[in-house]
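Each structure below is given as C-alpha cells.
One chain, chain A, appears in both complexes that follow, with chain B as partner in the first and chain C in the second.
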Partner chain A sequence: MVDSKQQWKAWLYLAPAIVLLLIFTVWPIINTVRMSLLENYKSLEAVRGATFQFGFGNFQKVLEYKRFVQCLKTTTLLCVLTVPISTILALLIAVALNSIKFLQKGLQTIFFLPYVTNSIAIGMVFAAMFNIVGLRNGLNGETIADTWGIINNVIMFFGAEPINWINYGSSYAANIAVMTVYIVWNALPFKILILLGGLQSINKQYYEAARVDGTPRRRVFSKITVPLLSPMLAYVVITGFIGGFKEYTSIVGVFGDTMGPAGDKGRLNTMVGFIYDALESNNQGRASAGALILFGIILVVTLINGYVSKKKVHY
Partner chain B sequence: MKVVLQNLTKVFPSRDKKAGKEVVAVNDFNFEIPDGKLIGLLGPSGCGKSTTLYMISGLQKPTAGKIFFGDDDVTEVSTENRGIGLVFQNYALYPHMTVQQNIMFPLENLKGADKLSKQEKLDRALNAAKLVQIDELMDRKPSELSGGQQQRVAIARALVKMPRVLLLDEPLSNLDARLRLQTREEIRRIQKETGITTVFVTHDQEEAMSISDMIVVMKLGVVQQIGKPQEVYDNPVNLFVAKFLGTPPINVLMGEVKGEKLYIGADAVLDVKGVSDQKVYVGIRPEGFELDENGALSCALSNVEVMGRDVSVVSRNDAAVSPVIRSIVSSENIGALTGETVRYNLKANKVFLFHAETEERIYF
Partner chain C sequence: MANRIMQEHDMRIVSARQRIIKGGVKFFTYAFLIFIAIVVLFPFYWMVISSLKTIEEYRLNIPTFFPKKIMFSNYLRAFTTANLGRLFVNTMIVGVASTLLSLVITVLSAFAFARLEFKGRDMMFALLLATMMIPGELFTITNYATVTQLGWMNTYKVLIIPFLVSVFYIYLLRQNFLQIPNELYLAAKVDGTSDIKYLWRVMVPLSLPTLISITILKMMGAWNSYIWPRLVANDEAHRLITNGLRNAFTQASGDVDYPLQMAAVAIVSIPLFLVFIFLRKYIMAGVSRSGIKG
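This part shows the complex of A and B:
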C-alpha cells in the first residue's frame, strides 16, 4: 500500500491520463446518454437556449424509421456472414502456415498486408475489381464501354454471364456478396495473426502424444488443436462481432459515401452510417439514441458470446 | 517383447550451416533388451538417452542402424504402428479433457477390427486407471490433479492400448523428492504386474539403480556400460561410469603404481598385482575405507558428519582430484577419530584403478 501522505503523488502521475479520459471518453458517454433522453435534442437549438423535454421519444423514433431497420438488417447480415467465414478461413490458413517451414515468413507478410493497407484504398481496388462496365477513351477520342472488372473477366473466361456486382441496377444480394468478400479479406490478417500466435504456443508434445496413439489428422485438428485454441477463437469471434456491428468504412470504400450503388443511395447503409447521417442532419438526440441502441446490441451479442464460450472454451 | 537395437545412430545436422559441425547424439548403440524387463537409460544431459528413447518410439528416425521388436524390424514402421506407449516428461495430458477422456483417447483411434464399443472403451479405461490407482479421479481435469496423479494418468493413457513396449521419458523429474520415491516404486509395481518391456530415461543414477533390472550408462552418445545396477556399480569399466554411479560419489585421487604397489602420495596403500608402473586415477567408493590407527592412507581430517547408523568422515588429501575425500564408516568405529589426521586401510574390492589418459579401468 502507498503511504496516504504519498498518495497525492500517485494521483499526480495519473492526472494526465485521467483528465484526458474524463474529457474525451467519460464525458462524451454521459453526454450521449443525456442527449438521447431529451426529446428531439438538437445542439444548435440548445446553444440558443432551447429546452427539451425528458423522454424516450428519440429511441422510439429511431426504431420506427424504416431506414434504421434496413441499416440494422444490412449490418446484422454482414456480421453473420463475415465473422464465421473469416474465422474458419483464418483458422485453416493459420494451421496451414504453422505446418510449413519453407516460405512461412514470406506468406505471413503477404497475409498481413491488408492489415497495414488503408481500407478506403482497398475498397477502391475492390470496386474496380467488381466493376462491370467501364468507360475508356478510344484511340480517336471516342468513349468505349466495355467490361472492365477483373472478376467479371474471369467469369466470362469460364463462359458465364458477367454479373452486375456494384453498378447501377445491381441486386442487394450481389452488393452483400461483394461486401462479404471484402470484409472477410480485410478481417483475415488480424485473425490469422492471433490464431497463429495461439498455435505456436501449443505444446508440441500434445501432437507427439497424439501421433504415438495414431490419431488421424482430422481428429487431431478437432480434438486437440481447436479446443486448445478455443480462447483465441473466442477472442477473434467476439472482436469480430464488435467490429462487424461497427462496419462503415468498408462500405464507403467500395460504394463511396452514398452507401449504395448508383440509383439506390443508402441501400447498404449500416448502423454507424445511420448515426453519422443523424449527426449530419443536426439530430444529436436521434444519433445518440442510435449509438446507445448499437451499444446495447453489441453488449447483448458479447454477453451471448461470453456465455457460449464459457461452455466451450477450456481453462 | 524383446527390443533389439542394432548399430543405432542418430546424427543431427548442425543448426548453423557455416559452423558446419553435426552433432552425433547417439553413436552405434547395440543392445538387446530382454523381454519383460525394466531398463534404465542413464546419463548426464546431452548424452543421447532421450534421443535413443524417441528412436525406439518412432518419433525420431535413426540415421543408421535398425530397431527390432521381437523379430519384427520396426525401423521403418511409423510410430502409431509400433504398438508403444510413451509417457512424456511433462506428461502431455490434454488439458481440456477429463482423466477418463485422456485415458480413452488412444482407444478412440482404433479402427476396423480393433474398434471397440463404448462400453469396452470405458472398461479398458477403468482397468488402466485401477492399475495406477486413479479410478477415483476419472472426472477431474488434469489441472485439478497433483503432479503424481498426473503422472499416473499419463502412465494409464500409455498402458490402456496394451502396448508391446512402454517408454518413459524422465518419469520422475517433475515430482518432489518424497513423491519421487513413492512413484518409482509404483512404476516398478506396474511394470511387474503388466510384464511389459519398459525403457525409461533418467539422469538420476539413484532412480535408475533402485528400480531397473538393467541400466545403460551413456556419455556423449556412446554407451559406456550395460549391466545389472549392482554389477555396474561394483565393476565400472571406466572413470566416467564410476563417477556417475553412487551417492555419495566415488572419491578420485591421483596415484602411482610402482613395483606392483599403489602409492597415494608417499603412502603405499594397496598391492596391485600385474599392473605395470604408471600414473593412475584411483577411485575409492566411500564404503571402501576402514578406519585404522595404523592405516596405510593418511588424510587430514576436516570434519565428521553423523548420520545415525553411519558416519561420514570428510578429510583432505593432496592427491585428491575431488576437493574432499568422503568416507562412510560405521558409527561404532569413530573412537579412532582424534587429532588432525585420519588413517584408513582400503578394501581392495572397492578400489578401482583407471588409466591416467584413457580413463579406462585397469584390473588388478
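This part shows the complex of A and C:
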C-alpha cells in the first residue's frame, strides 16, 4: 500500500534528519576521502584558491611520520593490555555476582558506578593518587618527596620502593601501567553489565544436568558457561577494541592536554590525538589520512573478530 | 551389613566435604567481590576526602584517611575559581536544547522508518546503520571546516546542531515502535486522528522508557563532552564544564592545588551520581543496548 500520500509524508518527517545527516555525516565522508587524496591539503590555502595535486602522499607521510608510529604503538599497546585484562576480570566478576544472592543488587550497582563518571574528572583523581609532590634528591643523593601519593604509600607499606608513575622523569612503562589501570577501571562496568545479562539468560537446565552428572566446577565453566556466553564475550571484546583504538580523553584526564608527563610532551599521544593535532595545525590532508587509517584499523579488527566469532561463537 | 554402614559413613564424609568446599567457594566469591568493590570505590573515596583537606594536610608525608579539619570552604572556593556556575549554565543550555531537538528529530524519523512505506526505505535504513561504524573523528575534520565557514565558531549552535541526529537513537526507537501493533495506527487513521496526535498520544507514551534512556544518555553526553567543544567553542561565554575543569587549577608554577581540584571534580561528578541513583534502570537498559559512552 505504497500510496503517494505516505511517500511525501515520510520524506517530510525524515527531512530534518536527512538535511543534518547530509551536511554533518555524508559530506564529511566524501570530503575526508577527497582531502586525504590531495597532496598536503590545507583548507586555509584552499580557501585562498590554491590547488593540490592528486596522490597518496598524505598516507605515505603519515605512515613515515615518527610521531604517528609512536601514537600507533601507544594505542595498540593500550588495546592489547586493557581489552584482555578487563574482559577476563569482568567475566570473573559477572560469574561471581551471578552465583550469589545476598548483596547481589548492591554490588552490581557499585560495579556500575565508574560508568556514570566524567572520564576527564576521574582521570584527574587517578592523577592525584599516583602523583608525587616535591620529588627531589636529598643531601646524600637519595630521592625524597613531600607526598608520595596514596598508591606509593600502599607500595611502601608492603616494603617495596616507590615508583615515579607520572611525574617528570617517569618511564614510559610506568605511564602505560597507570593508563592501563585507569582504562580497565573505566571499562569494567559496561562489560560486567553485558556479561551478567548474558549469564542470567542461560537456561538453568544445563547447570542442572551438569550437577546431576557431578561435573566439576571448572568443567562447567569451560564447557557450559563460556560457550553459551560467547556471543556476549565477542561483543564486549569488539566494542572494547573499537573503544580502545579511539582512546584519548582518559589520557587527557590523567596527563592533561600535553598527553605526557612533564618534560616529555606527547609521549602518550594516541591515534585520535594525532588526528586532532594535525587538524589544529591546519593540516587537513594529513588529519584525513590519519582518520581513514584509523577507520581501516577498526574495520579490520571488526572483520577479524567477525571471522573468529563465526568459528568459535555458539549461537 | 557392615558394608552398608561403611558406605553410609563414606557418603556422610563426602557430603560434609562438599559442604566445606561449597562454603569455601562462597567465602572466596564474597572476598573477591568485596575486594573489587573496594578498588572500584576507592577513587571516589579519595576524591571526597582529599577535597575536604587543607593543602597542608594533603601534602603530609603520611596520608590521613580522614581529614583532621574538614574544609567545606574548598567547595565554595573551587566553585568560584573554576567559574563553575557559568560553565554549569552553558552546559545545561546545550544539554537541554540538544536533547529536546534531538528527541523530536528521532521520534519523527523512527516513525517514518517503522510505520510509513516509501521507496528505498530499507536501503536507506541500512545505509544509516552503516555510518555507525565510522569513527567520529573522521567527521570532525570536515565539520570543523563547515562550522567555520558558517560563522558558527563560539556559539551555542556549534555545540548543539552537528550532533542532533543520532543513527543509534533512531535505530533504538524504531525497534521500539515496531513492537506497537500496526492495527492501532490504522484504527487511528480510520478515526481521522492526525499522525502527530497519534504519535503524541500513543507511540510516545508506549515507548517512554526508550525516550528516557535517550534523554539521559544525551544529557550525560553534553556533561562529558570534551574534544569538540575545545575545538570550536572555548571562549568564556560558551565553554562547557569538562573543558573548564581540566585546566582551571594548574597554577603558573605548574603546581596543582589538589584539594581545590578534587572539590571541583566532586562538584562535576555529583550530578551524574544523582541521575544514576534515581534513573539507574533506564541508564542500564540504554547502555546494555548501546555500548556507546554518553
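In this text, the second predicted complex is superposed on the first by the 298 of 315 C-alpha atoms of A that agree within 3 Å, B and C clash if a C-alpha of one lies under 4 Å from a C-alpha of the other, contacts with A are read in each partner's own complex, and residues count from 1 in each chain.
In the analysis below, a residue touches a chain if its C-beta (ideal position, glycine included) is under 8 Å from a C-beta of that chain, and two chains touch if they have at least 3 such contacts.
Treat the numbers as computed from the prediction; the structure is a model and nothing was measured.
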| item | value |
| --- | --- |
| Clash or fit, chain B versus chain C on superposed chain A | fit |
| Touched partner set for A:Tyr235, first chain B, second chain C, both or neither | second |
| Which superposed partner A:Ala173 touches (first chain B, second chain C, both, neither) | neither |
| Which of chain B and chain C A:Ser43 touches, first, second, both or neither | second |
| Which superposed partner A:Arg219 touches (first chain B, second chain C, both, neither) | first |
| First (chain B), second (chain C), both or neither touched by A:Asn203 | first |
| Touch count on chain A, higher of chain B and chain C | C |
| Chain B versus chain C as contact partner of A:Pro227, first or second or both or neither | first |
| Partner chain in contact with A:Thr302 - chain B first, chain C second, else both or neither | second |
| For chain A as apex, the angle formed with chain B and chain C - C-alpha centres, to the nearest 10 degrees | 70 |
| Overlay on chain A, chain C to chain B nearest C-alpha distance, Å | 7 |
| Residue ranges of chain A in contact with chain B within the complex | 203, 205-206, 208-216, 219, 223-224, 227-228, 230, 314-315 |
| Complex contacts: residues of chain C adjacent to chain A | 25-26, 29-30, 32-34, 36-37, 39-41, 43-44, 46-47, 50, 58-63, 104-105, 108-109, 111-112, 116-119, 121, 128, 131, 133-146, 161-165, 170, 195, 220, 223-224, 226-227, 231, 242, 245-247, 250, 254, 256, 258, 261-262, 265, 268-269, 272-273, 275-276, 280, 283-284, 287-288, 291, 293 |
| Complex interface listing, chain A residues touching chain C | 1-2, 6-7, 9-11, 13-14, 16-17, 20-21, 23-25, 27-29, 31-32, 35, 43, 89, 92-93, 96-97, 99-100, 103, 107, 109-122, 124-126, 128-129, 131, 133-134, 146-148, 150, 153, 185, 188, 190, 193-194, 197, 217, 235, 239, 243, 245-246, 248-249, 252-253, 256-257, 262, 272, 275-276, 279-280, 284, 287-288, 291-292, 294-295, 298-299, 302 |
| Touch list for chain B against partner chain A, complex | 57-59, 79-81, 84-86, 88, 90, 92, 94-96, 105-106, 108-109, 143, 157, 161 |
